[in-house]
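Paired with subunit B in one complex and with subunit C in the other, subunit A is shared by the two complexes that follow.
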Partner chain A sequence: MTLDFSWLGDPLYQQWLITGIGTTLLMSLLGILLMLAIGIVGALFLHFRIPVLETITTVLVELFRNTPPLVQLFFLYFMLSSVGLSLTDPVTGRTVPLFSGFTCAVLSLGLYNGALAVEIIRSGLIGVPSQTVEGARSLGYTRFQTFRHVELPIGLRLCMPAMTNNVVSLIKTSSQAALVAVADIMYGATQIMVETFRNMEVMLLIWALYVVIASLVVVLMRRLTSMIRIPGYGVDQA
Partner chain B sequence: MTTSQTSPLIEMRNVRKSFGLFEVLKGISLSVNDGGVVCIIGPSGSGKSTILRCINGLTPIDSGTIRVGDFSVESLRSDKKLIPLRHEVAMVFQQYNLFPHRTVMQNLMMAPVQVLRQNADEVRDRAEKLLAKVRLTGKESAYPGELSGGQQQRVAIARALAMEPRVILFDEITAALDPEMVSEVLSVVRDLAAEGMTCVLVTHEMRFAEEVADEVFFTDRGVIVEHGPPSTLFKSPSDPRLKDFLDKVL
Partner chain C sequence: MNSELRTFLLGIVGVPLCLLGLFAAVYGDNTGAMLGLMAERTPTLLTGSPDITSLDGGFLANIAMSIIAMAIAAVGGVILGVGLIAEFSIVRHVSDVVMNVLRNSPWLVVLYAMLYLLPFEVEIFGVYVTISPFIKSVIGLSLPVAANIAEIFRGGIQAIPSAQWESARSLGYRRLQILRHIILPQALPLMIPNLMTIYAMLFIGTSLVVVTGASDILSAAKVIIATTGSETASGFYIYILFLFFLFAFPIAILTRCLERRIGSVSL
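Right after this comes the complex of A and B.
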C-alpha cells in the first residue's frame, strides 16, 4: 500500500484544515473556561453544603458524568434548536439561531467536563489542611473569604494533574462537534475524505494533529503547574 | 475602649461545651487581666485547646458567658460579627497554620488588608517592623515551606501581631518544634509578655510557664482543678491530680 499525501498541496484543503484547527482550538478554549467556571461553582456548592443547590449539583454531576458526551451534545443541539430560540443579527438583519452547533458544542463540553471538574476541584479542596483553614478563620476571614483566598488557590494547585487530564479529554471530546456541523478539524477531514477518498492518509494527519495539540497542551499545563507550585509545600503535608 | 481598669479583659463564666455526648468543658470560669500573662496546663484531652478556641469564637459554646473587652463572644453568631473580635484576639497554633501558598510578607499582610481593609502601604511598614521584631528580616519573600519550624512559628506570631490584637492566644506553640528551636520561639513570647501584651498560653513548657505567668490554671477532664500564681501552684500544689501531673511532667 502506498500513501499519497499530494492532496495536502491543494490550497482549498489547506484552508479547510487551518480553519478546522482554529475552530477546534477556539471551541476547546471556550469549553475549558466554561468547564472551570462550572467546576468551581459546583465545588463551592458541594463544599459549603448549600441546601438545594448541593443536591442539584450532585444530581447534575452524576447525570453528565454517566451519560455519553455525544448523546448530551445531540440532546442539547436538537432540544435547543427545536425550542427555536433565534435572534436578529444587527449588522446583516438576518435571523440566526441563538444556539448554533458551535455554541451547543461549547456548552456540551463545558457541562460534561465541568461535571468532572466539580469532583476534581472538590478533591483538591478536601486536600487543603484544616489547620490552614482554621488559621484563616482565626484572622477574621469569613467562610467565603477563606474559600476565595485560601482554600480555592491551594485546592486548585493540588488538583492540577487531574485537571490536566480533564483538559486533554475535553479537547479530544471536541472532535464530536463535527457531527453537529461545526467546521472543526474533524469536519475538515471528513470533507477532504469525501472529495479525495484518501481516508487513510487524512486520518493519519488528523491523528497527528490531535497528538500535537494534546502534547502542547500537556506541556503548557506542566509549565503552569510548576509556575504556581508552592515552594517547599507537599513534602510532608501530602 | 471603655473597659474600666478594674474589670478583667477576658472573663469566662461557667462555660460548658459538649461534642456530641462528650462534655469537654464542664463549667469553666477564668479571667485574664489586661496585660496579664496566663498559662493553662493540664493533661492531653483535658480541654485546653477548646478553652482557647471558645475565647475567639472558633468553637461556639453551649452555655455560660465569655466576655472579651466589650464583646460578649457567645452572642456573636455570624462571620461578620466575629471580625471585630478576631481583630482583638489573635491566635497562634501548634502547627503554625500559615498560608503555604503565600510568602512570609503576604502572610502578614493578607488579613489586615483583606479582612480589616487597612491601607496596604501602612500594613507593609508595620509588617516589616514585626519581622524585625521576630528576627526574620530578609525572609519577606520566602514561602512558609522553605522555613524551619521555629522560623514558621515566629512568622505565625508576627502574623498574629499584624492584626494589632489586644490578646494573643498561644496553643502549644512549641510542641511541634525540635528542641533547639523552642527557645527562639519562647524568647519572642517572653518579649511580648514583658511589653505588656495580654497572653493566654497553653503550654507543656512548665519552666517557661513558671517564669512568665502571672497566674496558672490547671485543667483536668473539663474542669479547672486549681489555679493561682506559679509560685504556689508549682511549689505547693494542693490537689492530688495536679501533684500527680507535675510529678509526671517535671
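Right after this comes the complex of A and C.
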C-alpha cells in the first residue's frame, strides 16, 4: 500500500483546502461566540432561578444535550430553508437566503454546545466561594452587580478546563456541516476525493488537519486559562 | 423532591411537549395527518423493516452499534490507559500522543477514514470475512471513545491516594497486582459516572454512521423521506430527535444521580 500525495501540488486543491480551513475556523469562531452567549444567559436564568425562564432553559438544555447534533442540524436546515426568509445583500443587491447551510451550521453548533456550556458555566458559578459573594454583597453590590462583576468573572475562570473540552468538541462537531453543503475542510476533502480518487490520502490529511487545529486550540486555551487565572481561585495548574 | 427528579420530570414531560409544539408549528393544520404518517412508519424507523419481521437497521442498529462499540472501546481504553500510567516513559509518551490524537479527531472524519482504511474483506484462517459498513462504523466509533475511556481510566487511578500504592508495594505486591487488587476496586466506582457520560455521547454519535452507509435510523429516514416527499423531512427529524432523547435522557439523569452519590473523576 503506497500513499500518493502528489495531488497536493495542484493549486486548485490547495485553494479548496485553504478556503475550507478558513470556513471551518470562521464557523467555529461564530459558533463559539453563540455558544458563550447562550451559555452565559442560560446559566444566569438557572442561577437566579427566574421563575418561567428557568423551567424553559432546563427543558431546552436537556433537549439539545441529549439529541444528536447531526439530526438537529438536518432539522434546522430543512425547516429553516422551507421557511425561506431571505435578505438583500447591501453590496451586490442580490438576495441571499437568510438561513443558508452556513447559518444553520453555526446555529446548530451554538445551540448544541451552548446547552453543554450552560451546565459548565453553572457549575463554575457554583464553584465561586460563598465568602467572595457575601463579601461583594456586604460591600453594597446588588445581586445582579455581584453576578456581573464577581460571580461571572470568577465562575468563567473556574470552568475553563471544561470549557476547553467544549470548544474542542465544537470544532470537531463542525465537520458535520459538510453534510449540509457548507464548504468547510470536510467538504473540500470530499470534492477532492471525487476528482482524484485518492480517498485514503485525502482522509488522512484531513484527519491530521483537524487534530492539528484541535491541539492548537487546546494549547491556546491552556495559555489563556493560566493567563487569566486569579491566584487563590481554582486549582493550581503548574 | 430532589433536583434530579425534578429535572427528569421537567425533561420527560417538557421536551416531548416542546417537540410536539415544534411539529405543530411546522405543519399547522396537517399535524394530525403527519402524526399518523409518523406512527405508520415507526416500525421502519425502529427496526429497518416495515413489518417487524427482521432486525436489519433502524434505531435498533444504533443501539446495537453503541453497545458493541462501547465494549470494544472499553477494552482498548483500558489497554491505552495502562499505557498512560506505565513505568517506561516511552510507553507513556506514545500512549499519550495516541490518546490526544484520537481524542482530538472529529468522529465524522474517523468514520470516513475507516471507510477507506479498512479493507473490503479480510482473511481469517482461510475464511474471507466481509467487513460490512456496520463493522466499520463500530470500529470507527470505538477509536475516539477508547481514547476518552483511557483518559477516564488514568484520572480514576490518579484519584486514589499514592499511599495506597506505597503500602501495597511494601507488602510485596507487583505493579499490575496492585492495580488489579487494590487500586481498580477503589477507582472503578469513581469512573462509572464518567463512563456513562461517554456512553451517552457515543450513543448520540451513532447518528453519524449514516456516512458509512450502515443502515441506521438516519438512512432509514432518508429512504422514507425519498418516498413521502421532502416536506415530511422536518417531521421525521423531529421524531428522530425524540427517539434519541428518550434513550439518552434517562442515562444522563442516572449519571447525575450517581455523580452526586459517589462523585466522579475530575479530568
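As a working rule, the second predicted complex is superposed on the first by the 231 of 238 C-alpha atoms of A that agree within 3 Å, B and C clash if a C-alpha of one lies under 4 Å from a C-alpha of the other, contacts with A are read in each partner's own complex, and residues count from 1 in each chain.
We adopt the following convention: contacts are C-beta pairs under 8 Å (C-beta built on N, C-alpha and C of every residue); 3 or more make two chains touch, one makes a residue touch a chain.
Keep in mind the model is a prediction, meaning the values are calculated, not measured.
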Touched partner set for A:Pro153, first subunit B, second subunit C, both or neither: first
Partner chain in contact with A:Ile126 - subunit B first, subunit C second, else both or neither: neither
A:Ile18 touches, of subunit B and subunit C: first, second, both or neither? neither
Contacts of A:Lys172 with subunit B and subunit C, given as first, second, both or neither: second
Which partner reaches more residues of subunit A (counting touched residues only), subunit B or subunit C: C
Subunit B versus subunit C as contact partner of A:Tyr210, first or second or both or neither: second
Which superposed partner A:Tyr141 touches (first subunit B, second subunit C, both, neither): first
Touching partner for A:Val59 - first (subunit B), second (subunit C), both, neither: second
Where subunit A meets both subunit C and subunit B, residue numbers: none
Complex interface listing, subunit B residues touching subunit A: 56, 58, 79-80, 82-83, 86-87, 90-91, 93, 95-101, 110-111, 114-116, 142-147, 156, 159, 163
Contacting residues of subunit C [partner subunit A, same complex]: 7, 10-11, 14-15, 18-19, 26, 100-101, 104-110, 112-113, 115-117, 200, 204-208, 210-211, 218, 230-231, 233-234, 237-238, 240-241, 244-245, 248-249, 252, 267
Sites on subunit A touched by subunit C in the complex: 55, 58-60, 62-63, 65-72, 74-75, 78-79, 82, 161, 165, 168, 171-176, 178-179, 186, 199-200, 203-204, 206-207, 210-211, 214-215, 218
Subunit A residues touching subunit B - in the complex, by the definition given at the top: 129, 131-132, 134-143, 145, 149-150, 153-154, 157, 230-235, 237
